[in-house]
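Working notes, structure below.
Note that the chains take the letters A, B, C and D in the order they are written out, and that residue 1 is the start of every chain.
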């Protein structure tokens, strides 16, 4: 009796952790894509997730678009916003030092948050699951149907990115820019174009995360900072630049938080994961999985 | 000749001046200061409060003011920021020279402002919920409260639970001022009702998923859950409770008392039990209820004027302003006389029930301030007993 | 044997399989100018970085003034009396020319944050001392007229002079100059050479890394040639020019040949 | 201090001394004395970040933590242990300096983004502690009844007297910062900003210099926090959240990172803007975001840089004109 309850709990925590971790993983991937091509850590990455969720609510609930249409509209809008940010905020900077870029992306984050508040207000918004229905009962745990969507879409995104960077021309060109912008320029790859593509992709990726998670967690305008630091934490734990590392670390962080809630307390959940992130930053800044830095896909 | 004319001119001048100033003194408005969180995180409190204050002042002035003198409202926005609230309270007292202060909206801001009004000896009617705002009363000489304490809502819940055979409960509270205060009262009052708290945990106000916490509760013997939070987390826990297919009842704090919460929970709120203020269920209360005239009037006027649903929080502003009107009508523009009157107010019918204050109690409300309701078919239903 | 300021024994540096410096040994007499030459990629800059503590050796020893250098941090090695300049000019671009040299005097002064913040006794005196010293070094390279200008705005030749003056301001006993005349015109080169000679004149030992063989042959007391990180030849400029191994290494002898 | 700086500081001091008398002439402006107190407090914490960011080139997104540590130490010591407020203030500065040292040594080895994120995370952890360690901090409700600072038995609690106290502190901090900048340790910091390689080659312990200035910025933050606590007599966590750290960053960057004066200008701007932008309601945050973006993109030297440039141009122009005469 006791064992069944406990194993049911563990499965429950595992799924909750995987679901939350999927968002960290997608956010971490977004950080990596932009970082690999530009060397910039985009502090607005968390706000892309928020915007993805809120736009999804707007399209699906208020405009009444069918779900797939709403989903791809969200991606479309965010690709546009990514390009907009690059052309109007990143490109005009004459001396792009790391400090300047940090401050620019912080400013962009504040502005995205402000505009979101302007459009949607401060209330949280809910969204129905992509497929309605009661939770699935698995070995004493109840798994929300949306969790399967979150996990499925995250896996799909990872596969897509692997394919994109290894098989497509533009993906390879982006990698070339990341490795050596000068050489890439010599063979006719336009670096600005590739940076723009990175912003478009990073912003779309964040938005996908936001759109799939909102049915579970609701969404409101000011959630960006926390998502950003957890996503960045995942990127660091996995070794900044490593896609597979980011995904594994994202899921790990989610599961850690879920188990911390289950066995310690909800209140210190964030503190526990932040301490882990800082600990790794201080002792092993190259990430948990050896020299992950700049390893791609 | 010239001299006489000059003297004549001077006397006319002073006569005009003295009558003018005398006239001004007779009609000089009563100044009431307000500091509410119109913007910032607590704008869901401050916004309806601002609306209500402006509306009530208009009502009073349309009725001819108080003793023939109009009321002037000096209202500032604290931006939900305690340090700003302090600055603005000082500004109201030193620059605007107000007779009394209403607000601030949150408990944190109210606590921050208390030393300011006590030192300046200006009566304040706070809109914060925490019981600490009005206690200990020796240190709250100039501070009053219109929000019924958390303890009253909890007593009502415990009372109801006992009658329904529940004696083992799980409590989950947000780590906010509101949640901590609720948790403290729940723990303090449980022995009195012979209720056993078998699970007790807190979570951050930014929590997005509480399934792990609910899963732990499932592993205990709890017969009911009380969640004490405000904002997003009370919706999250409601949805997670439904998603996990939990069968034990979920009790929410009075902060759940807003139609929007039922809507946001998307059907998951069915069966949730909440103690609410009468204003939330204004349409459901009987016409012979002593509160009916006030509550229904406020709801009608507010919704006509602002075209949005009335809220509990605006109701606090209504009660505070009308209490001040009664005080001014009775004792005139004198800060300490106003304080005296507020301290002994009795039989005042407001949105938050009937106030009977005393020097030992600067709130003056009892359990009757709340009504137990259940969410049924997407709306509130009074639990008949 | 005369007084040795520096002795390098079996020094080795590997980067991920690539051997940049390979069991290199040599010694350096006090008060001379020793040039370090070799084809591109010979490991000259790696060697300099090891001696100055910017890189730690994989193996081997560096003995400076009869003491084994613990290969730790660059600032400690600087404090032991080794100064350097950089191949790519590393001036403090946003500081004035005078301030650059004042930073150079860092090791000759001691006041820390708290005493400076509150101008405790002695700070004013020390600041005056630093300022006087800086002026002295500024004058030694004739850059007084640029004193108040941002270092980043100086012409290239002046920047190289400033960098040397700044290094000298730290009062070193050994100075390592990484390509001090690269990119300079004839007149500027001449000034740089005079400066290097005057450094030796002040009793400071010089290690010079330079591609311009004319400069090397003209001012060096000794030349050390390395190739693929290994010791190739060592001796007076005249001997080196004749060394068949050296001529061989400089395939076709372009650089050496140019001197004849 | 050069004579020029000394002149600037003393004329600024005179201006600050006269200002409340002018503001008090009209009841419409008397309230600005209160606003000016926050300008002083924010200038102090701003000077700290300005030294770190503008001179050492190291970013911190966790300054609110030190502000909070100063405020809470002052509050807890005076309320719970009845310590004299001045000692409590000193203790707050000491605790913050100790924590800054412990955090700074591992953190400042990191560069750029890592440092930004590490300080952000540090700030969040400290905030969580303020919120959750209820036994010590009073949790989300905070606590009140913090005694005011007093001078020879007279409590400094009126706006007027606190104005002078806070500005006395701010001017001391400003002077100390200017002194640091124009002396040996300050030059070392600025040199690190331009080339840490060259700095090390001249004997500067780059890592230690960064830690030291981080500690100074933490100490200034704690001083500001302690003043805040004794002025408001109340502390609760929201005053020390991540957004406050961002606000300090905005104060420094918008004011101008090229000079510690920028922090004073930034603090004034960010405190007076909300007074003038009341009509924007919540969207003043958006306005700050836009101003920050514009400053970073088009005027990296900030408002102070613009003003100094304009003043320089103006004086040059006047001089030229008079030369013609």
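Just so it is clear, contacts are C-beta pairs under 8 Å (C-beta built on N, C-alpha and C of every residue); 3 or more make two chains touch, one makes a residue touch a chain.
These numbers come from a predicted model, not from an experiment.
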item	value
Cα-centroid distance, chain A relative to chain C, in whole angstrom	49
Between chain C and chain B, distance of the C-alpha-averaged centres to the nearest whole Å	75
Distance between chain centroids, defined by C-alpha means - chain A, chain D (Å)	33
Where chain A and chain B are represented by their mean Cα positions, the distance between them in whole Å	40
Shared-contact residues (touching 2 or more other chains) in chain D	128, 132, 282
Sequence positions of chain C contacting 2 or more other chains	none
Per-residue overlap in chain A, given as positions that touch at least 2 other chains	122, 267, 270
Overall pattern in which the protein chains touch one another (line/ring/star/complete/other)	other
Chain-to-chain touches, reported pairwise for every pair that qualifies	A-B, A-D, B-D, C-D
Contact footprint of chain A on chain D as seen in their complex	53, 57, 59, 106-107, 109-114, 116-118, 120-122, 124-125, 128-129, 132, 242, 246, 249, 253, 282-283, 285-286, 288-290, 292-293, 296-297, 300
Partner chain D, residues of chain A touching it in the complex	41, 43, 89, 92-93, 95, 98-100, 102-104, 106-111, 113-115, 117-118, 122, 225, 229, 232-233, 236, 267-268, 270-271, 274-275, 277-278, 281-283, 285
Touching residues on chain B, where the partner in the complex is chain A	41, 43-44, 175, 201-204, 206-213, 215-216, 218-219, 231-232, 235-236, 239, 243-245, 260, 264-266
Touching residues (chain side chain D, partner chain B) in the complex	27, 30-31, 34-35, 38, 128, 131-132, 134, 139-142, 144-145, 157, 159, 228, 232-234, 236, 238-239, 274, 278, 281-282
Touching residues (chain side chain B, partner chain D) in the complex	38-41, 43, 77, 79-83, 86-87, 90-91, 94-95, 107-108, 111-112, 114-115, 119, 130, 132, 175-177, 179-181, 202, 204
